[in-house]
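In the two assemblies presented below, subunit A is common to both, partnered first by subunit B and then by subunit C.
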Partner chain A sequence: MARNEHYDVLIVGGGPAGIAAACCAARAGRRVAIVDDNPAQGGQIWRGMTEEWTAATQSPLAASWLRRLREAKVEVLAGTQIVARPRDGVLLAETDADACLLAYDKLILAAGARERFLPFPGWTLPGVTGAGGLQSLVKSGLPIAGRRVAVAGSGPVLLAVADCLRDHGAEICLIAEQAPWPRLVRFGCGLIGSPGKLLQGAGYKWRLKTVRYRTGCWPVAAEGDGKLSSVTFHAGSKTRTVACDYLACGFGFVPSLELPTLLDCRLDGGAVWIDDWQETSVQGIYAAGETTGVGGVDLALIEGQIAGYAAIDCQDHAARLFRARERGRRFVGALDRAFALREELKSLATAETPVCRCEDVSRQQLEAYGSWREAKLQTRCGMGPCQGRVCGTAAEFLFDWQRESIRPPIFPADVGTLAEIRPLGKQPGK
Partner chain B sequence: MSRQVTVAVNGKSVSVPAGSTAAVAVAAVGLSQFRTSVDGEPRGPLCGMGICFECRVTINGRAHRRSCQTVCTAGMEICTDGP
Partner chain C sequence: MSTKAADVVVIGAGIVGAACAWEFAREGMSVTLIDSGAPGGGATAAGMGHVAVMDDSEPQFALTRYSQQLWREIVDELPDDCEYETCGTLWIAADDEELAEVRRKQQAYTRRGIDAEVLDAAALARAEPNLRSGLAGALRVPGDLVVFPPCVARWLIAGATECGAQVRLGTAAVEISDRGVRLADDSLLPAGAIINATGHGAERLTPGLSLQPRKGHLAITDRYPGFIHHELIELGYLKSAAAVGTDSAAMNVQPRITGQMLIGSSRQTGQESTDVDMAILGRMLRRAMEYLPALARVSTIRTWTGFRAATADKLPLIGRCSSGQRSSQGRLYLATGHEGLGITMAPGTARLLVDAVMGRESAIPPEPYLPARLEKGDSA
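For the complex of A and B:
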């Protein structure tokens, strides 16, 4: 039998958006909890950070929110994954040890985003990781000192990742940004009105001044015998091969939509649709942070606060943050235009390159079909444990295939946990 | 993070800083292959955040555990010969 808990406000996701939402909602004795799959708190950007550590280093922003979280007496359920919705108002969660049923009056979805990985020959070799992916592994203890790393893909996050890895002792041999230089110059000029962002970018560039940063450059093949030893890049009219131990490669981020989809929240343009109060199309369910669109930590914090206040009917507090949210969204629009992915990336994968890594389905096998649904039925792509989180996102970019609705569990779960899923709407009193 | 935890990877004992994930322990014994794919290819961690399942290993006899999301505990037995 699973444990049962009831919360006034339940928040899924313990990143900046979830933390901000929790701090604002935890007022007047309300019972508030954050559920997060990660063993450590902080979501992606503040992964594993503790208050003492961040205060002593360069992240006073993280430190102040983590302190607020502790003082707000929010329950944090770490290492806990939401896998299904047994009935309205209740989520089923699983930990390493057991299962629990979490009931709520109001729910805030702050499930964040994940990296977009694109297939190219050799991308399945051990040593080829995500950009944020390698950073996360290093933040959870992976030794990187003395290792040669090429960082590639797209977006300002490449600089953040390179800076962090170098801090941990890695030798960064190249940063390859797919976007063309003129677009980045235009983007940089547009930042004049946001001195904070400009300074942050300049800081990275200054610390990484000895590292080669190439624009209009992307990986075309990863080579190695059983593990990565070199990467060939397209650079201008030539190709160039670089010896390295790791290729940290991510082509931007996409919102995580499995849970909102499961809860019947309407989607709009690849993100969760929300109204001014961050409420989704389902009454009583709010969404904040990158699950509503990829916008970075500052916007995630603002959206989280608005959602937290709105969920406890403090609309006046929430409304004071509307202008800041508007500014944040304008910045995101500029980012999207600057780092839009180029068409050439669609032809990196050859006929034999696996697109679905769980079931080893090649591009050629997928291309025989006209839609995601058909390809899935015939080839098993997207039916492995990642449930299409990697290959479905790639297929969306490569073939413009739309994915269908999701079926529970949204993560592979134990049989014992699944026994808790009863048919929807068959619950006495519901 | 100065305290160490000792675990076994494929029967080989290794110490890692307390708080490290099982993925760190696998890398610490010099392995880059965490699992073998359907077609017999070596695979290792990709996303580092629990969504790709490429880092999966057997932990204390339970198959398909994500090593990047599992924190090492003393005496943990990690095995990388699974699919």
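For the complex of A and C:
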């Protein structure tokens, strides 16, 4: 039978929000655990960072939180994927070796966000990756030194990714930001009240000063024979083609809402609704970080702390962070306006461009139908192993289609896991 | 909108309604097909798409065999996305008692002209190496086939449209009256004949049918080509499907042409929520693993639920409905109550209804399926 564990506070997601929540909740002998599908802690942004490494480099913030996490004696269940809710107060999770039932008194959802991909001709070529995706691959050991990389899409993350890839020896041939320059200028002026953000941005720009950064610029086609060799960009009134080995592409982030939806948490404007204490519409379930709206590391840390304190009834500690959270949210609003996706991006995919890569469904095939449900039934779009995470998000943007409700498993899971019996066994060959 | 009466208004664009629209349109009648949602979006999308001959009763056998013959007439025309494949069925006998039943079934099938052979334990192990050892044998019915029903429904509707049928999707029927079918937008569709093919929800338009919704769960796996070769069903499935009023789960695993597997099946009564129930899902998957232990490490991509429309005597309701006679003046026909056999029985159901409306003799006796058999004595 599946292993059983019980926690006073269980936190889903081991990024900044989850770590901050865990540190704050782990008081007075409470049993607290962070569960994360990644084998390494830190979430997407602090992935693979160790205290020693971060302290010695440019991330003292990460170092201090990782130290607090160690000192707080929080259990970290790495490589553990939440897949279902067998009953109230219990989550079913899967590891490489077994299935486990994780019961909790309080639950904090800090599962972050994922990158939005938009289909354009050639986007499925090997060599075209997510922006954060390529960064993760490089952090996990993909050799990038000397390789030519174009970074495209939208948001400050493009600078962060380019900076990291360059650190690992990549040659950044272009950063293409879809937002128009005047919007970014207004955004920059609005940061006068947030010198930290300005300095962070300026730091990236300084380190990337030799890299071409173009605004109002986006990829219209990726080309190559079997793998990427060049990308054509729309830039101003003309197009330009850039030779490269990788295109790291990210059009902003989409909160991961599968688990909150499965748990019946109310959504609001594409994110989890929360009250002042970061509590969702379901009593005893809290949410923090990108899952409540994409806001970056600083806001995630504040929200995580509030959720952690609130979950153990330390409202006074939590309330002291409200003002900082308010400032963070104003910044997020400005960010959203500055980097809003332009309408032209809806017409990048041609009739033949695949939108669903799992099931190889083109834009033209989808356009014959009036809803996500109908298109899914008739074309198999969204029925593959990604469970519609990529194509469903794209279809929402392209066609304004609403997706269906969420059903378990929220990630592909072994039959033995869902059956709550999973003896060790060999995986059958596919 | 034209107010000219259609010869036939079909309510429900599932596989049964789609087949009816197609058959009536092919007869040259004017047909309007309506549905509140997408074609094949209800139980049609929730089922396994198994087209099997079943012998729970003589009428069940007659209608499933007749329907399977009709399926064979169209399968070669189906486009690829209908995923047609003749994989055959293996009815698995776990022990000698079940093997005796397998032998009885084999005789019953062959006597009526259906190919069926008994596999002993060794032959079964050769046919399906992923089954656990120690099983007694199986009945192999090679002619059973599978399809992907939502795409077949779309294809049938397209065929009906080519013959002049009107299709109105996204509009719910709210009332069947003596003047026709009233829609949610308050418009009225006058009709010569009205077919209620709305599955387990048929009582919303035609009260008093005593249909019982029986909830089912299914899971689909990632691609494992060759893991199994036949649709596998434990012989105990028949007992499970026949049990009324209790929750049950039986092993029923089907290979898809994509290399994926569908894992079923469960039956629950008294359920209204469409949510996946992890307890019965787990029970169903454990049952499947008892037969196919290697499923433990097979990746499941999705699960879902649906509702079968069950009748008291396990036969569908096909034909003129007399309980609604006063309000619909005898023009109302039913095509529902197929329980788990709606995909299989859709073509036969449509033919029986065309015959009934046109006053023709049918290829099989229609009496066992007439709604009047189950009606309470309140109609004139």
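The rule is short, and it goes like this: the second predicted complex is superposed on the first by the 420 of 430 C-alpha atoms of A that agree within 3 Å, B and C clash if a C-alpha of one lies under 4 Å from a C-alpha of the other, contacts with A are read in each partner's own complex, and residues count from 1 in each chain.
Please note the rule applied: contacts are C-beta pairs under 8 Å (C-beta built on N, C-alpha and C of every residue); 3 or more make two chains touch, one makes a residue touch a chain.
Just so it is clear, the structure is predicted and the values come from calculations on it, not from any experiment.
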item: First (subunit B), second (subunit C), both or neither touched by A:R373; value: second
item: First, second, both or neither for A:G190, with subunit B first and subunit C second; value: neither
item: Partner chain(s) touched by A:G122 [first = subunit B, second = subunit C, both, neither]; value: neither
item: First, second, both or neither for A:M383, with subunit B first and subunit C second; value: second
item: Which of subunit B and subunit C A:L137 touches, first, second, both or neither; value: first
item: Subunit B versus subunit C as contact partner of A:G216, first or second or both or neither; value: neither
item: Partner chain in contact with A:A84 - subunit B first, subunit C second, else both or neither; value: second
item: Touching partner for A:A413 - first (subunit B), second (subunit C), both, neither; value: second
item: First, second, both or neither for A:L92, with subunit B first and subunit C second; value: second
item: Subunit A residues contacted in one complex by subunit B, in the other by subunit C; value: 384-385, 412
item: Touching residues (chain side subunit B, partner subunit A) in the complex; value: 1, 16-17, 19-21, 23-24, 27-28, 32-34, 37-39, 41-54, 56, 64, 68-71
item: In the complex, subunit A residues that touch subunit C; value: 84-87, 92, 369-371, 373-374, 377-380, 383-385, 387, 407-409, 412-416, 418-423, 425-430
item: Complex contacts: residues of subunit A adjacent to subunit B; value: 37-40, 44, 48, 79, 96, 114-115, 117, 124-130, 132-137, 140-143, 226-227, 256, 354, 357-360, 384-386, 389-390, 412
item: Interface residues, subunit C side, partner subunit A - complex; value: 37-41, 45, 81, 130, 150-151, 154, 169-170, 219-225, 227, 259, 263, 275-276, 278-279, 281-282, 285-286, 288-289, 293-304
